Structure formats: C-alpha cells, structure tokens
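The letters A, B, C and D name the chains in turn, as written, and every chain counts its residues from 1.
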Amino acid sequence: MHVIIDLCVVPLGMGVSVSPQIAACQRVIEASGLDHHMHAYGTNIEGPWDEVMAVVKRCHEVVHEMGAPRITTTIKLGTRTDREQSMADKVTSVETKLRNG
Amino acid sequence: MHVIIDLCVVPLGMGVSVSPQIAACQRVIEASGLDHHMHAYGTNIEGPWDEVMAVVKRCHEVVHEMGAPRITTTIKLGTRTDREQSMADKVTSVETKLRNG
Amino acid sequence: MHVIIDLCVVPLGMGVSVSPQIAACQRVIEASGLDHHMHAYGTNIEGPWDEVMAVVKRCHEVVHEMGAPRITTTIKLGTRTDREQSMADKVTSVETKLRNG
Amino acid sequence: MHVIIDLCVVPLGMGVSVSPQIAACQRVIEASGLDHHMHAYGTNIEGPWDEVMAVVKRCHEVVHEMGAPRITTTIKLGTRTDREQSMADKVTSVETKLRNG
C-alpha cells in the first residue's frame, strides 16, 4: 500500500524554538531515501506504508533522544487503490485545472 | 513507546455518508483490544506504538476492501517519556484544573 | 453555515504540562454557550461558523495572555448542506451500524 | 494576530477526484492576496487572523456552491507573540540547521 503523508512533529518542553528537532527529523527522512518535500508547516513524504511509518516512529525516537519529554504530532495520510498518484501528480493536477479554469 | 492517538478516517468516492466505513474501523479497533473512545470527529486509541499503528493500517485495508478507492486520514499522535499518562489521565488533569480554577 | 469542529490547542514554550492552558480554553468554550465535548486529544464544538471560529480565536488570545509565546493548533472542521447533523447524530449513526452490522 | 495555517479541504460526495474543488479553493486564496504555498497535501497561508479565516470560510462556501454536500477540512494553525516569523523564515530556520548540523 503506497501512502502520501504530511508530517508535523511538535516537541513540547523544549522551549519556543523547535527547529533543531525539526532538522533532526529532516535527517531521518533524508536517510530513509523516500521522496519528501518540506514546507512551512510540515513535510510531505511518500512511499510504501511500512517504510513511511517507520520514519514517523524514528522521528519520535530521535526527538525524545534529544531530550524532548513530550511530542505531539499531526499526520495527514492518503492512500488510493484506483490509480497510482505521486505527490508531484497531486500538485500538477490542481495547477492544470487552475490554468484551464 | 506508548502512544495516544486521535484517528479520523475519511473514505472518498463512497458518497456523502461514511458511517458504514467508520463502523468497520470501530470493529477493527475493538478487535485489537486497545483502549479507545469514539467522539464526533474521530476515535482516541492508546497502546504500544506498533499495535496502534497496525490498527491504523488495518483500517485503511478494510475500508479499501469495502470499495473505497481513496482514503484521507488525519491522526494526532502523542508520546511522552517523562511519565505514564493514559487518555483518562489527560481528561482528568484538565477537569481538575477546571474545578480548582 | 453550521460547523462541527475538533479543536486541539498546543502551547509551546510553557513546559511539558499544558493542562492549565487547556483548562483556560475549556472556560472560553463553556462561556460561549456552544455544545461541546472534551476528549483525550481535543474538544468537539458545534454551532454557527462565526461563533465557533470566534471561540478558536479567543482561545489563542487567552493562551498568549497566559504567557505562551507560541501556539500550534490542529482543527478538523466539517460542514454539510444536505441535512442537519449534530455531534450526537454522528456518534449515534456509527453506533447504530455497529449494533446492526 | 498574525497566523500561519496549513489548509486541507476535502469535499465528500463528489467522487474520487477532488482537484476541481481544490483548484477553486486556490482561486479563493489567490484572490485574497495573502502569501500562500501549495504542497501535495494542503496549502500554507499566512496573514492577519481574520483575513486568513475569511479565506477558509469562503473556501467552504465555494466548494458547497460547486455541489459538494459535505466538506471535512483539516487546519494546522500557528501564532506566536515572541517575534515575527514568516513561512519562509520557518523553512530557512530548519535548512540552516541542516547545513550546520
């Protein structure tokens, strides 16, 4: 099962700046070799379900290892069986309709 | 790693009523034996990370097997290493502050 | 436009326990007079769009006034035009299917 | 109060492809003049709270007008009072740490 997720990891109890923890998560994501795209409120990741979910778990482990006593994460997660669709396909599909609309 | 999640599974391409699919997910959750609480916009589930995530995957599989060509799910997901805290503890903690505030 | 939301307010930079801020949000919600239900990972609120959104804004204002330098909130938000449906209707609809399934 | 949101609007009862409705939301966002960035699982928007929230409401109105009987939306929403921070600042902050880490 192929999945596209949007992942937003929020460490609590680490103060107001969370970019060191987010950078650590980016390293976990990059090390996975999965396609990904960081934006201002999360990171899109796509790939096989188990591989993507292993990345999410590893992010929690790494952020706890950095000293965060508590993490709250928000994930959006999409699967489809009717056809293959990549993250780039999703954006292109909307942009095409914007140009033709 | 113990986790508390809030799970909201949304099947697309099945029409406007999604309660048959949500009921099927509830059966998956109940069959897992994990503590859970359904509310009007999702279901709280708690337990060991891998068991909880297996339930989320099984929900996607079951809803696709029911004919949904596409699913978009939203998950909130909390872990903490400073102390044990159940779903009931979280609600009680706020309610106590409300009474004493 | 009637809306049902699930609101989860997370203050950052306030330490690991956020229940005082969540309790303050609960007081804002209760003062609004809108129907609501707190669960372990958020609070369901329903009512007219502008009234519900005013509550969300007031929660951010109150939590900042309590000293939180940063807040990240997750909202799920549902509207429908085909028929009226309350928070209780949503839960009942699934529970009926569970009993009959 | 300045806010950065991540908006993901999901129409139900319109079939499996939702890109026409997402394109309509993009037009609402562009018409607002607010800074925004579309990704594969939503759109980041930033600006004054009331203006950003008016865009969210207008998206629901427009998608209902296109015939969607039901909409479920997920929003992440961040405010901070300690300093100004744009969407670009957030991404740059993480990228700088990635380069220096």
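Just so we're on the same page, contacts are C-beta pairs under 8 Å (C-beta built on N, C-alpha and C of every residue); 3 or more make two chains touch, one makes a residue touch a chain.
In UniProt terms, the chains line up like this: A, B, C, D = MTH1187 family thiamine-binding protein.
Please read all numbers here as calculations on a predicted model, not as lab measurements.
Comparing mean CA positions across the assembly, the chain most remote from chain D is B.
By number of C-beta pairs in contact, A-B leads when A-B and B-D are compared.
We define each chain's centre as the mean of its Cα atoms; on that basis chain A and chain B are separated by 19 Å. Centroid to centroid, with C-alpha atoms defining each point, chain B and chain C lie 17 Å apart.
Taking the mean of the C-alpha atoms as each chain's centre, chain B and chain D sit 25 Å apart. Residue numbers of chain A whose C-beta contacts span two or more other chains: 13, 16, 69-70, 72, 74, 76, 78, 80, 82. By the touch criterion stated above, chain A contacts chain C in their complex at residues 10, 12-13, 15-16, 18, 69-70, 72, 74. Residue ranges on chain A touching chain D, taken from their complex, read 4-6, 8, 16-17, 19-20, 22-24, 26-27, 37-42, 44, 46, 74, 76, 78, 80, 82, 87-88, 90-91, 93-95, 97-98, 101.
Residue ranges on chain C touching chain D, taken from their complex, read 1, 13, 49, 53, 56-57, 60-61, 64, 68-82.
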